[in-house]
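Across the two complexes that follow, chain A remains constant while its partner is chain B and subsequently chain C.
Moving on, here comes the complex of A and B:
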C-alpha cells in the first residue's frame, strides 16, 4: 500500500510507483503476446465461413431436432462398451500406477538416483499424451476395437493416478511408519501397516475421480476406431444422420452426468 | 470376555467395510461385473499378435526419432498449437469470469445461477474432440475452430472452479466492503476478487497446460495445430516423425508444467 500526494492532499494508492510500473509492463507484454497470436490465427481463418456460422448453427440445430429415439436400440451395446473401456482402463491404470507411485515417492523409492527419474519419466510421458493419441497409436498397432480403447485409457491414466498417489505418499506422517517399524516390523509390514492405511482414502478418491474423467474420455475413442459410443457417433456424423447425432449427444450428457454423480457420492462417502 | 481369553486371541486387521453383508455384496457385484465385462469384450488376439512387430517398429522409431525430414511441418504445427493455446486460454478465462460469478450460489440470483450452471454442465460433459467436430463444421477447418473449442472447454473447467471458490469465500470481508457503501462492481472487485485471485492465477496456468495438450488432439478432427501433422504421420506409418512429434509435445508439456509450478509459487 502506498500514499501519493496530490495538490498537497494524501491520496491512497494500491501500489507504489515501482510496483505500478512493473504491473503495467506485465499487462502490456501479455496483451502484445495475445494480440500477436490472435493476428496469426486470424490470418489462417477464412472469415466468410465464420460470419456464416450463426446461420449454419441454426440450420444444423433444425436438422438435429427431434432426436431419433427409434435408433436407441442399437446404442445399448456401445454404451456398455464405453463404460467397460472406462472401468477396465481405470482398473488397469491403478494396478500399474501403484508400483510406479511407490518408486516415484521420495520417501519410499528404492533409489533416488536411478529408479525415481525413470518413474517420473513414465508419469510425465503418460500424462502428456492424450488418450485419443494413445488410441490412434494402438489402433494402428493392435487393430481397432474395445481392447485398444481400454489400453489407451489405461496408459493415459497411469500418469495421472501415479502422480496424485506419489504426492499423497510423500505427504504421509512418518511417525506412524516409525512406530510400526519400532515394533520390529519388516519393510513390507511397515509399508502395509504404516503407509497403506494413510494413503488408502486418497487412493480410493483418485481412482474414482479418474474413472469419472475416463467416462468422458472414452466417449470419443470411437472416432479413431477404438470402440464405444464414439463409433456410432462417427458413423452418424459421416452419414449426416443428424437426428441420431443429437440422440447420441443426449446419451453422452446423461452418462457423463450420471458418472459424475456416482463419483461425487462415492468420494463423499470415503472422505 | 475374560482376561485369559483376550490374551490368547490373535489381533486381526479390522475389515475396510464394517458391515459384512455390504462387504460381500460389493465383492459379489464387482465379480459379476468383471465377469460380464470381460465376457463381452471381444479381443481379436490374432490381430493383436500380428500387430506386435508393428508396435516394435514404432518403439524402435523412438531411437532415433526423425526430426529432420518433416521439420517444417512439425515446426509450423507446434507454433500453431502454441498460438491457439494462448488465444484460447485468454478468451476462455475472460468469458468464464462472468459465467463463474453467475454460477456462484451466494452472489447470483436463482435464474442466473441455473442458467450459468447449465452452460457449465454442457461445456464439461462433452470431450474437446466432440466440440471440435461441431465447431469445425460451423467455422471451417483451421485454428479458429480449434481456438473456439478450447475456449469453450476452458469455460466449463475454469468457470466451475471459480464458482466453487467464490462459494467458499469468507463472507465477512465482502460484507465489510459492502458496508462502506460500495456498488456491485466495486463489491466484486474489492470484496470478492482479492479472495479468489491467487488460486485462480494458479488454475489459469494449469488450464494453459491442459489446453496445450488438448490442442494436440483437436487437430485430428480438423481444428488446426500439431494434431493434424501427427494424424498424417500415423496414417502414413511414418512412425519416426510421429515419435519426434510426441517427444516435442512431452518436452513442451514438461517445460510448461515446471514453469507454471514456479510461477504459481511466486504468485502465492
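Moving on, here comes the complex of A and C:
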C-alpha cells in the first residue's frame, strides 16, 4: 500500500513504485523462461511425426471400428475382477486409514511427538507411490493376479483416505467434544459422541470418492499383470487386435461412468 | 457448597488469567459472575470442572477436593457438575434425545452408550426433563434443526440429567435474542429452585444478572472486585468492574420503579399461566 501526498491531498495506490517494478520484473522473467523452454522443446521434436499424427490417428481409428462385439463374453470376468479390486482395495484402505487418521490428527493423536510423525509418514509414503508402481512391485513379490491388484489399490488409498479424514478430524468443533467431556464421559465416549458424529459425513464422502477413483485406477493395473480388465487390454494391444481394444475401451468408459453415477448418488444421499 | 480457595491460572502463553480467586457458593445459591471480556469468567468455570487445569489453588465441592483427582475420579466428580455452554455445544448431528442422554455418559459403560442402550430410568428422566422445558415434541429432531432457544433448553436438559449438585453456566444467553434470553434465564432460575441447585452463571448482560441472580460477583482481570447483592451495583461498582462509562441507563432499571415494574411483570406471567404453555417455553410464540 502506498500513500503519497500530492498538493495536500492523500493519494492512494495499490503498490508503491518499487513493488510495481518488482511485479513487472516477475512477469517479464516468466515470459522469457516460457519462450526459451518452447524453443528447447521445439528443437527436440521431430515435426514430421507431429504433422503426420492426424493421418496416423485416423488410420488407427479406422482399424478400431467396428468394435469386436463377438469377444465380449470373454470380458465379463475381467471387468468383474476390476470392480472387485476397486471395492476390496478401498475397503482395506478404509479399515487401515481410520486408526492412522486418528493418530495423525493433532487433536486426537495419543502423542504429538512420537505417534503423529509415524502416522504422517505412513500417509506420505502411501500417497507418494502410484498404484501402478505398487502393482509392479507386488506382482514381483506375490505373483500376478487379482490379489496383487487389491493390495496395490489398498496401499495407495490408505494415504489418500487417512489424509482427508485427519483433516476432517482437525476441523471439528471442539466445543461439542468439550461439552461431552464435561458430563464425565470417558475418552472413548467423548470420541464416540463428540467426534464420530461430526466426521461421519466426511468419512462416507471420502470413502465413496476414493472407490470412484479406484475403479479408474484398477482398469490399468492389468497392464503390469495385477488382474482385471487391463490384462485383456494389454493382450489385445500387443496382438494388434484393434477392434478388441476399442471394445475394451468402451467397456472401461461404461464402467467408470456407472461408478461415478453411483458415487454421486451416494454422496448426495449422505450430504 | 462449593469452595474455591486461591485459584490461580496461568496459561502457557504466560497470561495470568486468574490471580488467586476466593469464592464460596452455598447450596441453592444462584450466583452471577460478571465482568468484561477477558476477565477470566470462563476460566473460573472451566477450572471448577477442570476442562482447564488450574495452576494453583483448591476447589472443593461438598468436601470433595477436585483439583487433585485422578482421571477416573475426575470423571465421577464431573458427573456432579452440570455445564451449560454459550453456543449450546450440542452434538449437532445427533438427535435431541441422544444429546440429552449424553448427560448420562458418566454413569454408563462405553459399549452401552455406543449402542445407545441407556437404562430405562435414564430415558424416563430424559422424557420428563424435555417435557419440563417444553420440548417433548422434539425428541427425534436432530439438534441442528432447532432454534437457538430450543437448543439451549436441550443443553439445560443435558446438564440436569447428570443429576448435578452444581450448575456451571457459561454465557447462556450470548447468542439469544432478549426475549429468549429472559426465558432461558428464568428457566435456569426456576430449575435451580426446584432442585435446590447452586449455580454459577457467567453473563455479559448486567441487567439480566440483576434480574435473575441473588448474588453478583464482579471479576476484573482475574480478580474479584465486587461481591454482593444485585441491588448494590452502583455506578461506582460498575466502573470498578468494567471501567469508566456512563452507567445511568444500566442502573436506572434497578433503582427506578421501571425495574420493579419489570420484575412484577415477570412475576405475573406464571400467575396468569399456572401451567407454562409448551409453545411459550419452546419459544414458538
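Convention: the second predicted complex is superposed on the first by the 231 of 271 C-alpha atoms of A that agree within 3 Å, B and C clash if a C-alpha of one lies under 4 Å from a C-alpha of the other, contacts with A are read in each partner's own complex, and residues count from 1 in each chain.
The working rule: a residue touches a chain if its C-beta (ideal position, glycine included) is under 8 Å from a C-beta of that chain, and two chains touch if they have at least 3 such contacts.
From a predicted model like this one, the values you see are computed outputs, not experimental measurements.
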item	value
Overlay on chain A: chain C relative to chain B, clash or fit	clash
Which of chain B and chain C A:194 touches, first, second, both or neither	second
Contacts of A:8 with chain B and chain C, given as first, second, both or neither	neither
First (chain B), second (chain C), both or neither touched by A:66	neither
Greater chain A contact set [chain C / chain B]	B
Touching partner for A:176 - first (chain B), second (chain C), both, neither	second
Touching partner for A:184 - first (chain B), second (chain C), both, neither	second
Stretch of chain C penetrating chain B in the combined three-chain arrangement, among 114-122, 150-158, 168-176 or 240-248	114-122
Set intersection of chain A contacts, chain C complex versus chain B complex	200
Chain A partner contacts - residues on chain C that touch it in the complex	49, 51, 75-79, 81-83, 85, 87, 89-94, 98, 102-107, 110, 113-114, 155, 158, 162, 168
Residue numbers on chain A that touch chain B, as the complex places them	33-34, 37-38, 40-42, 44-46, 49-50, 53, 56-57, 60, 80-81, 84, 87-88, 124-125, 127-130, 132-133, 136-137, 140-143, 145-147, 150, 200, 216-217, 219-220, 223-224, 233, 237, 249, 252-253, 256-257
Partner chain A, residues of chain B touching it in the complex	16, 33, 37-38, 40-44, 47-48, 50-52, 54-55, 58, 80, 82-84, 86-87, 90, 121-122, 124-127, 129-130, 133-134, 137-140, 142-144, 147, 213-214, 216-217, 220-221, 224, 230-231, 234, 237, 242, 246, 249-250, 253-254, 257
Residues of chain A touching chain C in the complex	173, 175-176, 178-186, 188-189, 192-194, 197-198, 200-201
